[in-house]
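Consider the two complexes below, in which chain A is the common component and chain B and chain C are the respective partners.
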Partner chain A sequence: MNRLWIALPILAVALAVVPWVASDTIVQYGINALLVATLAQGWNVIGGFAGYPSFGNSVFYGLGTYGTAIAMAQLHWSFGSGLVLGAVLGVACALLFGLPILRLRGPYFAIATLGLAAVMSAITATIDIAGKNIGLILPLFRGDTLFYEMSLILLVATTATVAWLARSRFGAGLVAIREDEDAAQVMGINTTMYKVAALVIAAFFSAIAGGIHAYWITFIDPASAFDPSLNVRMVIMTLFGGSGTVLGPVVGAFVLSAVSEVLASKATSVASLFYGFVIVAAVVLMPKGILDVMEGFRTARWRYFTNNLRRFRL
Partner chain B sequence: MLLFGQILVNGILLGGLYGLMGLGMGLVWGVLKIVNLAHGALIMLGGYALYYLYTGAHIDPFLALPVAMILLFALGYVLQMFLLNLIVRSAQLNTLLITFGLDVVFVYMAQLLFSADFRTINPPYAGSNVNFFGVVVPYVQLASFIVAVVLASLLFLALDKTRTGRAIRATAQNLVAARLYGVNPKRIYAITFGTGAALAGAAGGLYGIVSQITPYIGVTLTAKSFVIAILGGLDKPIGVVFGGLILGIAEAMASLYLDPTYTDIISFGLLVVVLVARPAQLVGRA
Partner chain C sequence: MTEALFEVRGLTKRFRGLTAVSDVTFRVGHKEIVGLIGPNGAGKTTIISLISGTLLPTSGEIVFEGRRIDTLPAYRRARLGIGRTFQVMKPFPGLSVLENVTVGALFGRGGGERKRKRAEENARQWLHFTGLERRIDQQADALGGPDRKRLEFAKALAMNPKLLLLDEVMAGLNAVEVDEVVELIKKMREKGVTILVIEHVMKAIRRLSDRLLVLHHGQQIAEGRTDEVLQDPRVVEAYLGKRRQ
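What follows is the complex of A and B.
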């Protein structure tokens, strides 16, 4: 395990050099992969650690997108203040929405997030300053390298936060909530506060990812900013890599981004269909993610999968 | 006053259909403890099944409805028997995730096979209506309301009187005890999920007659079905129909007194209010 923590900074540096040696296409693919890895890592906090499956994290991403776009296109602020506005919107939404909904358990939360994701673009399309249906155009700034490095820094910061979380009292509280919420409450954990804090962390990083993406592509509209399929991607990448682990979501995001890039060159719906199958297969065959498969397969071989199949069957 | 009456009737007619949607969701939730996030996708598939039975095989949509239900029942039965039974005992997080995955599979499969175009099941009598004291009631809406009520009553009778129905209720109450009395839970679970899917299929077919279907209608319908199931309570099929009526009337009223673009926002607001206000009582029962 220790060797891993030495290897990580080296990997981060290696990733940081990519824009200077690789082609434009690879850098652009890299930006997308880094941003979606950030989203997956954010989902990991609420879905993986706290065990509350949010199907609406795309809303925070979209709010970050819109916060940055409104600040830059309408108020003529700088990019930095735009990111701040986006993050504030995302966090405010997580608080406003999370406080009532996270008092509830399990499926109630999941359904509420599903509903939020479905209506958010309709709500945005009625707001004047957000450009209604038409969307907003941000000032043009060319510099894929800069966006790549910003995305990388964001992913490193998010992963560092999750690494801290995994060792902290707070993270232990979230895991306790996931395993047995009643017991966690009896142990003196303020479960609602913990869950809201987890959602806020997820919202904060997702919103910043949205802000970076907005300035990079320079044009946003309600449908693309609040694209619900983002939720599919972050959930599946976290599950595939291993939810509730520090590195799983990042590994899952990198692997599946590459696969979907290949599939999407054929047809986008084929790539999405593939994601759906992977979710189903992952839940049944490898509920602990690909990193656990690599470990378990060494000792149990194919029995690893049959054991998983047997564990919960009726 | 006439306008109010018309809106109320519209709401009630829509509400019957909503009740049917909630019924399948509530049955699966109450018996299997699975909140089926693919419920809306099953509704969508039912709509397409009926659409192709009507446009391809030229069977009258109301006669083809049982066929669509049988198809969906088979799909649901197979899904539960060979997939969901594998994880039905694991944490609720996993059942949520797997049905979410199924939803994604169905939606994009539909997009590949049926294209993203709007489809309407449009029988020749679609435009005709009957007039009650100035309130216009389209025949198809009235018929779909009646079908919804009949199916709800049939489900109620089947759960109450038949051997399988009693086995379903016994399994819902106590899995171990039911097993000791010779109930095969795998089969009962598969029948229950299949029935839920068949009800979704019926709702989808009727939805295709009175409205439009695309591969993407599922998500909002899943959320609505969930709200309806909560409003009605999980243990009484008749209550769920009333839950559907409440939502249908609320939506119709919202479209009258507020800008129609806000209907989605209203039903989402209602969703949150219902979620926050009701569950405590419901969790105790389920």
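What follows is the complex of A and C.
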């Protein structure tokens, strides 16, 4: 494990060099992959560590895009102030709705957050300053390298936060809540505060990712900003890589982004079919994620997969 | 009895029409072991849930170290030094035995140990104390019955509680295991922990408790020294039915 922690900074530096050596297509794929990995990592905090399956993370992402877009297109602020506004909106939303919604558990929580996503999209479509249902156009800025590096820094920051979380007292509290919330509470964990804090962390990073994406794409509308399928991708990528681990969501996001990119360029209709197949196979054969496969395969070889089938009674 | 560590006055809990606990009043002194007994459905677990904060009382007062705690949320009570186990045990199933107990040491009384390393050292000591050392790296849901009970103990003890509420920790154990747990509870008291214990295993209750509180249909029907209470005709009746004249 120690060797891995030395390898990571080297990997980050290697990724940072990419825009100077690779083609535009790869850099653009890279920006998307880095941003979606950040979103998956954010979902990991509330979904993977605290065990609350949020479908509201796309709301935080959407608020980040709208915060930045309103600041730049309507108020003519700088991009930096736009990111701040987006982050403030995302965090405020997490605080405001986190308290009531986090009282619900399991599927009820998931449904409530899904509802929040639908409502937010509808509300945004009626607000003048947000461009109603037409959307907003941001000032054009051509600089894929800059967007790429910003996205990379954001992903590194998010992953560093999760790495800290995994070793901290706060993280231990979140994991205890995931495993048994009642037991966690009688052991002295302020479960309400911990859950809200986890949601706020997720909201903050998701909103920043939204802001970067908005400025890069230069056009946003309610449907794309609050797209629930983006949230589904965060969940799938996190589960695919390894939920509640430090690197799982990043690995899952990179692998699945690559798979869907390759497939989309070959045949679009077969693509989603195959994507679905990959996910089903992943859930059945490696329910604890790809990182666990790498651990387990070393000791158990191919038996790892049949063991999983037996253990989770599939 | 020395000065009371905690006190319950007129404690009542109603679930809609059903009065689970009705006007119960008792005190527990420092380092006492008090047994809470009664037939099924008497309201024993409800009382423990009311004291630990898992449930809020309909009326009545709970005083811990001279301070009313009956409106505090469960986590605040845990920080004051009240630990509990659950009748249906609640380990953190996906975590290792060590991680389970470390959570207790990281939180618990006074907010617990801030540093994870130190908390882990504490946890190891409690695992040694409860005889779980050999299972330290095993996942909690892989443990068998008796070891699960030990884990519940170790988790609660790692919180460094002043008052420990034990909810039927001996159910399902064989005679040898019951003896082990009895010794364990006595050892806890020697460490200065006050204990309120719900138990059905009479042999154990007799050996452990300084005093008994007997509940029947949510009412307190007897309270006092263990040997006296067990002779009380009302208690015998609650358990065995009326003697024919």
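Convention: the second predicted complex is superposed on the first by the 293 of 314 C-alpha atoms of A that agree within 3 Å, B and C clash if a C-alpha of one lies under 4 Å from a C-alpha of the other, contacts with A are read in each partner's own complex, and residues count from 1 in each chain.
One rule holds in what follows: a residue touches a chain if its C-beta (ideal position, glycine included) is under 8 Å from a C-beta of that chain, and two chains touch if they have at least 3 such contacts.
Predicted model only: the values in this text are computed from it and were never measured.
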{"item": "First (chain B), second (chain C), both or neither touched by A:11", "value": "neither"}
{"item": "Touched partner set for A:167, first chain B, second chain C, both or neither", "value": "second"}
{"item": "Partner chain in contact with A:104 - chain B first, chain C second, else both or neither", "value": "first"}
{"item": "Chain A residues touched by each partner, larger count belonging to chain B or chain C", "value": "B"}
{"item": "First, second, both or neither for A:183, with chain B first and chain C second", "value": "second"}
{"item": "Touched partner set for A:258, first chain B, second chain C, both or neither", "value": "neither"}
{"item": "Which superposed partner A:217 touches (first chain B, second chain C, both, neither)", "value": "neither"}
{"item": "Chain A positions touched by chain B in one structure and by chain C in the second", "value": "178"}
{"item": "Complex contact set, residues of chain C against chain A", "value": "52-54, 73-75, 77-79, 83-84, 86, 90-95, 99, 102-104, 106-109, 111-112, 114-116, 119, 155, 159"}
{"item": "Chain A - residues contacting chain B, complex", "value": "51, 53, 55, 100-101, 103-108, 110-112, 114-119, 122-123, 126, 178, 228, 232, 235-236, 239, 267, 269-270, 272-273, 275-280, 282-284, 287, 309, 311-314"}
{"item": "Residue numbers on chain A that touch chain C, as the complex places them", "value": "167-169, 172-173, 175-176, 178-180, 182-191"}
{"item": "Chain B to chain A touching residues, read off their complex", "value": "35, 37, 83, 85-94, 96-98, 100-109, 111-112, 185-186, 189, 219-220, 222-223, 226-227, 261-262, 264-265, 268, 271-272, 275-276, 279, 283"}
